[in-house]
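First chain written, first letter: the chains are A, B, C and D, and each begins at residue 1.
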Amino acid sequence: MPIEKDDRVYILLEDGRDYLVRVTPGKSLGTHLGNLELSELLGKEFGEWVFTSKGKKAFLLQPGVVENIFHMRRRTQIVYPKDLGYILLMLDVKEGDRVIDVGLGSGAMCGALARLVGESGRVYAYERREDFIALAQENLKEWGVIDRVTIHLQDIEEGFVERDVDALFLDVPEPWKYLRQCWDALRGGGRLAIVSPTAGQVIEVLRGLGALPFVAVQVWESLFREYKPNPSTFRPFDRMVAHTTYMIFARKVFETP
Amino acid sequence: MPIEKDDRVYILLEDGRDYLVRVTPGKSLGTHLGNLELSELLGKEFGEWVFTSKGKKAFLLQPGVVENIFHMRRRTQIVYPKDLGYILLMLDVKEGDRVIDVGLGSGAMCGALARLVGESGRVYAYERREDFIALAQENLKEWGVIDRVTIHLQDIEEGFVERDVDALFLDVPEPWKYLRQCWDALRGGGRLAIVSPTAGQVIEVLRGLGALPFVAVQVWESLFREYKPNPSTFRPFDRMVAHTTYMIFARKVFETP
Amino acid sequence: MPIEKDDRVYILLEDGRDYLVRVTPGKSLGTHLGNLELSELLGKEFGEWVFTSKGKKAFLLQPGVVENIFHMRRRTQIVYPKDLGYILLMLDVKEGDRVIDVGLGSGAMCGALARLVGESGRVYAYERREDFIALAQENLKEWGVIDRVTIHLQDIEEGFVERDVDALFLDVPEPWKYLRQCWDALRGGGRLAIVSPTAGQVIEVLRGLGALPFVAVQVWESLFREYKPNPSTFRPFDRMVAHTTYMIFARKVFETP
Amino acid sequence: MPIEKDDRVYILLEDGRDYLVRVTPGKSLGTHLGNLELSELLGKEFGEWVFTSKGKKAFLLQPGVVENIFHMRRRTQIVYPKDLGYILLMLDVKEGDRVIDVGLGSGAMCGALARLVGESGRVYAYERREDFIALAQENLKEWGVIDRVTIHLQDIEEGFVERDVDALFLDVPEPWKYLRQCWDALRGGGRLAIVSPTAGQVIEVLRGLGALPFVAVQVWESLFREYKPNPSTFRPFDRMVAHTTYMIFARKVFETP
């Protein structure tokens, strides 16, 4: 399928610098390796490449979830792919699931959840700030998943509207304050994931989870290390991300047998 | 929805030991904390719990992808959740995708891919050993995704049957021998993931990828560390998995613009 | 210098199993690869090897600080080499230094400090339990450094006897209770190292250090990963130590300029 | 002991920026937090502090081995403290030892070794480049250990002058070429440490060690992670050093029993 007007294209330059553009004829992309007239992309196939004005290669690729996250407009901390993949597995998100996402922020996690629940599932997102909701809506539209999302402009202090959800992702400054509300919203056996960057916060969350009927409580952190992809100098890059967040997981059970 | 005959149930004992059973009336599960008559599970809701013969709690939970992997019958090395989540993201597997999985082995990765491509997608699995295929089929049936999978009993030396696949996962002893075949099977911009446990193998793969039109070549490894989920002694567990595999990613481009 | 009666010898079998023995004629060492009459070691040079009764090689090597630590008699948690080397550097321990070690425990850290301060330096060790002191004395004698150590059977609640010490190593269950005492004992610019295994403890220590004139406060943890030393399968071993302790460092300054 | 003319002082500003100066009356230190007349330091005690011209605190501390390394003049890659401490332990360097250091480079490892061998020990350093030797000599003088070091301006291809050394540290681009020479120079049971940044180099070294009478071959890497030293936001810093070098260790044995 050739690239058409308004398609989203992930452009990778030969030196590794990358861009995510929407093909708008008449517009051009300025890069440190020369310019690219976006109209030149029309009719090209993904996997093909074009030359910049300086004669450098620009590869035309489909954007996926990872490229979307690293190139989205954002005003909040995102969940990194290194953690995101694991959280999605641990929450067991799949076609048809009903999932709560709070706080919505710039929409990265919401988009990743909506992508997995499919047409038959639904994501319920909570956010207190209208400006974040506006930004997230823009991003969710860009990714084509906004139809699967219900957004609540609402504080979760009074609890969630939904009941019996399959999974709940909680990313708020003081998560330990809302654990009862999470329990109320989940179905029996439903899965909870909480991200918190500091050790003190995790300790508070563990204290809270211990006072409620949650089981399978686990806390994880991930360290991903990238290597130089060169056969003659194969070794890790000099620096890496040391920490993004702790990930806390738990499953709801009932209070009595 | 109450638990019915033949349902699969993930049973978590109060001390953390866990089991994955199929509810067969008349059968019982023997554990170090006492026995459990499986017929007692009938009519229970997930999230409820029962007592073992020794009066210990046994929580009844739905099995998900992570529980399936750790409790599957297997005769080969599995891909760990710590790597699996990241690979699925990097391969951008989603509803409707056509994906190749080689070698099939016990079927863990195949099952994870089939879960994501949905009803409208398809996984093409390659495996040279009939006994592995038999085992994998059993597992894929167990997980309810076998209808989405085509299995080829075939060496990939002569290449793949399919063309223009969206993604390809390669887990074989000498992956560098099959890179041209992978390139042939992928669509333009299609995504390749290779796992290899030793550094020498990765160096060989990088040499091979460098000789073919692949871009966005990345090599990663992941270290996941679990913490004691106890507020008063919050710290990592003493030991952890140090290494499973290196993960190599690349995308196909065409040889000429 | 040939091995003599009563010499300490580190014996490494060809399969990697190791032993630390004192050469006592008439005694024999039983191993899973056969027996070794210790009298056979007399007159051998270090670096030579002998055969066990089953014809396996046993290499004769000098024990050093790392072998001493892993083969010492102990009843307490030891400081691992992975942390020990860094702590010794950060404490800048060297010839002639006067250093406090608390609690003494089985004597591993004390021995490492005594080894570095030399004949002209001194280690002041504090311990509340007589049985630990007896064990540590035995170990320090074994390593030949007991003459450099003064041992106090004393709780540090009321402070240390010494003043103006160059460095202080604090390894006790509730280190935050003794920070003022540490400050009193150190010279201006003196170095403090504290080990604590849990995050909650570190938070308490940081709170305490913040209330006193300490600068250059740093908290570190180390992850050491060992690789299979085989050229054709070079890769990390499957499992590793995930956590031993957090290491906290600080330096004393005065309250007024 | 008050600070005197020509003393070396480690100056730590209240925001964590640091400097290592030699007290030269008439000179001043310019910092982003104001200037400091070095003559003001005369007569101060270590641990005291002075104000910069902008009224900011500057703490006066003794420099130690870690401060020396991070503030030395250098033109080569240094061995980081995270690896240095471990290497010194694994080489078991102590008072009276005779140790070979190659290549000398800017002198960091040589200085660390010389510090440990004491007055009665000796470090034999090899370096092919005269300009590196000049720089290293300057650094070793600065640290006060040059009297313990013999420097050879010499390629090690033809081997080392010394025999029966206790330990040998090898940091050269192609270490596998000199393993026989290392074996020749070491005493029986003597310890060898090699640093190599890439996996391919380590594989070569392992191949070479396997062909010679070396035992106790180990390969390690270290990951050190620093935490924010703040009780209310205790968590790792965002980024860390991902890789410096692989560390290879081995001990010499004789070819025949």
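In this section, contacts are C-beta pairs under 8 Å (C-beta built on N, C-alpha and C of every residue); 3 or more make two chains touch, one makes a residue touch a chain.
Quick caveat, the model's predicted, so the values are computed rather than measured.
Visitor: Could you label the subunit A-subunit B interface same or different, taking same to mean over half of its residue numbers are used by both chains?
Guide: same
Visitor: When the CA atoms of subunit C are placed over those of subunit D, what is the turn angle between 0 and 180 degrees, to the nearest 5?
Guide: 180
Visitor: Any idea how many Å lie between the Cα centroids of subunit A and subunit B?
Guide: Those two chain centres are 21 Å apart.
Visitor: Just give me the whole-number Å value for how far the CA centre of subunit A lies from that of subunit C.
Guide: The separation of the two C-alpha centroids amounts to 46 Å.
Visitor: Give me the residue numbers in subunit D that touch at least two other chains, ranges are fine.
Guide: Only 199-200, 202-203, 223, 225-226, 231, 234 qualify.
Visitor: Across the complex, what residues on subunit A touch subunit D?
Guide: 197-200, 223, 225-226, 231-243
Visitor: Along subunit A, where are the residues that touch subunit B in the complex?
Guide: That would be residues 12, 45-51, 57, 59-62, 64-66, 81-82, 84-90, 92, 94-95, 115-116, 118, 187-191, 199, 202-204, 206-207, 209-210, 215-231, 234, 246, 248, 251-254, 257 of subunit A.
Visitor: Which residues of subunit A touch subunit C in their complex?
Guide: Subunit A reaches subunit C through residues 199-200, 202-203.
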